[in-house]
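I've put the structures underneath this note.
You will see subunit A twice below: alongside subunit B first, and alongside subunit C after that.
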Partner chain A sequence: MNLKFKNKRIAGILTILPKRVVAFEEEMGNYNFPEKKSLRLKKIMGYNTHRIAAEGQCSSDFCIHGLQYLFDNGMLQKDEIDALLFVSQSPDYFMPPTSNLIQGHFGLKHDMICMDINQGCAGFELGLMQAFMLLEQESINKVVLMNADVLSPKVSIHDRNRNPLFGDAAAITIVEKTNDDEDIYVAVKMDGTGAKSLMIPAGGFRMPCSEETAIEHEDEAGNFRSLNNLVMQGDDVFNFVQREVPPMIQDLLERAHLTADDIDWYMFHQPNKFMLNKLADAIGVAYDKMPSNIVENFGNASGVTVPTCISFNLGEKLEQESYQMCLAGFGVGLTWAAIIMKVGNLSFNRIIEY
Partner chain B sequence: MKEKIVEILTDLRPEFDFTEDVDFIEEGMLDSFDIVSLVDELETNFGIKIQGIDVIPENFSTLDKIETLLKKSGAA
Partner chain C sequence: MEELKSKLAEILEEESVEDNDVLEEFDYWDSLTILGIISMVSEKYKKTFKAADIRACATIGDLCKLILG
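The block that comes next holds the complex of A and B.
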């Protein structure tokens, strides 16, 4: 699905990370693998440290902390928010929507739209797409996009293939109207036949959590996890990404009448270093234009990795400069999406801890 | 080339005999993370780049298939 927008901009990005830092070496003893083998993978995949929420901290807590920071520092006014989007796979409750809870916490105006979107790895791009759509309306001038996931309680600590990769985080992105009429090119694709490649089998209405679903089993690779835990068919996801993402990017570049070299930064979802380097090779991009340092520093926090990548790698520089960016996310759904747009001259672009 | 491949495979999974005429994937001798490590070692040792789209278990199931992949990727 190809979409195109005009007169929209990202005005600011705030990434909120948990304070707790956990090193790969601290957890290596939990895994059923020789140390040499685990350390080899550490280098290739980019395992190093990841950020883990404190017990009881939910995704919404990070969003509330971030919004309070913006309000307190005069970076956002409560009454200028026309829509609050919460993109996550870890809501506080099945019902009500977490976005409504956040609206209620701050006592925001009633004349606004709150919306939860269940998306993961492509959640930043899907969230931006929804924000752009809302901003087509005359009555909507500013959208607050919150990407947040605290999935660590759902990842088995005995699963070396998944646990070291994941992290918890949130990001708040302010999206607004602008007179600048630069085109924004968006591509979104979905394939629900692969939906079970990345899932948490138990805990919903189809398979409620029970004593049986909490029992850990060993998989064919030697990892231990239960049906309550996140499971990823690594081969399937890797192959899907390598097969589908490069042609989507090439097509998007053609639509935008750009070459791969015209893009200053490829800010991609951060599943692991190996996958990103293979994507960079396939698209024909130098590794330094496609940062792959989020897993090693913070872990993969699903739809939060792209704004984290922007905040971590560009920081205040993006408050003075503007760059042509290609943003891309791919994973759970299966969903893959990309956006080519100018990003820059932001009011803020920083990381805080909570 | 095959001798070097066996050497790399044995270093990865010393508990298996990779000279046997078996399917390494079906026999559980290589899992997906072994393949990632194997790709890294093959690229370093043979000075090549293996395309991401070629990193599928079928291409690593026998010595012949690994050799074919290496040649396709530019190994002499």
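The block that comes next holds the complex of A and C.
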């Protein structure tokens, strides 16, 4: 699905990370593997430390902390928010929407749209797409996009193939109208036949959590997890990403009349260094244009990895400079999406801790 | 065939591998190695395999047959 927008911009990005740093070695003893094998995994996948929320801290807590920071520092005014988007797979409740809870927490105006979007790995691109669509309306001038996931409670600590790569985080991106009429090219694709490649089997209405779903079983690779835990078919996801993402990027570049070299930064979702380097090879991009350092520093927080990648690698530089960026996310759904747009001259681009 | 075997040896971190070598007996036979093989085969041989396809092989010979077959 090809979409195109004009007169929209990202005005600021704030990434909020948990204070707690957990090193790969600290958790190695939980895995049913010799140390030598685990260290080899660490090296090849690029694992090192990840950020884990404190017990009881939810996705929305990081969003509230970030919004309060923006209000307190005069970086965002409460009454200018026309829409509040919460993109997450770790909401506070099944009902009500977490975006409404956050609106209520701050007592924001009633004349606004709150919307929860259930998306993960491509959550930043899907969130931006929704923000751009809302901004087509005359009455909407500023959208606050919140990407947040605290999935660590759902990942088995005895699962070597999943636990070390995940991290918790949130990001707040301000999206607004602009007179600058540069085109924004968006591509989105979905394949629900692969929906179970990444899932948390129990805990919803289809399979409520019970004593049985909490029992850990060993899988064919020697990992232990229960039906309450997040599971990802690594081989299916790897094959899907290598098959679908490079042609999507090539097609998007053609639509934008750009070559791969014209893009200053490829800010991609961060599953692990191995997969990102393979993607860079397939697209024909130098590794230094596609940062792959988020998993090793903070872990993969699904839709939050792209804004984290922008905040961590460009920081204040993006407050002075502007770059042609290619953003991309791919995973749960299966959903894969990419955006080519200019990003720069932001009012803020930083990381805070909570 | 020899080129494939040298690639497999590289992924398994072995000097060399032989047809009769049993996969389960390699020090580094694990899910990471299997992903490495899937990735290498997709790059060099333009073929897609699932982890279960690779796991169904018992020896290096079986694996070569699967990949080149």
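Here, the second predicted complex is superposed on the first by the 354 of 354 C-alpha atoms of A that agree within 3 Å, B and C clash if a C-alpha of one lies under 4 Å from a C-alpha of the other, contacts with A are read in each partner's own complex, and residues count from 1 in each chain.
Simple rule for what comes next: contacts are C-beta pairs under 8 Å (C-beta built on N, C-alpha and C of every residue); 3 or more make two chains touch, one makes a residue touch a chain.
In this text, all values refer to a predicted model and were calculated from it rather than measured experimentally.
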Touched partner set for A:Gln242, first subunit B, second subunit C, both or neither: both
Partner chain(s) touched by A:Gly234 [first = subunit B, second = subunit C, both, neither]: both
Which of subunit B and subunit C A:Asp251 touches, first, second, both or neither: neither
Contacts of A:Leu279 with subunit B and subunit C, given as first, second, both or neither: first
Which of subunit B and subunit C A:Glu182 touches, first, second, both or neither: neither
Footprint overlap on subunit A, where subunit B in one structure and subunit C in the other make contact: 37, 40-41, 44-45, 161, 220-222, 234-235, 238-239, 242-243, 274, 278, 281
Subunit B contact footprint on subunit A (complex, rising order): 37, 40-41, 43-45, 161, 220-222, 234-235, 238-239, 241-243, 274-275, 278-279, 281-282
Residue ranges of subunit B in contact with subunit A within the complex: 12, 28, 31-33, 36-37, 39-40, 49, 51-53, 55-57
Interfacial residue positions of subunit C with respect to subunit A in the complex: 27-28, 30-32, 34-36, 38-39, 42-43, 48-52, 55
Touching residues (chain side subunit A, partner subunit C) in the complex: 33, 36-37, 40-41, 44-45, 161, 220-222, 233-236, 238-239, 242-243, 274, 278, 281
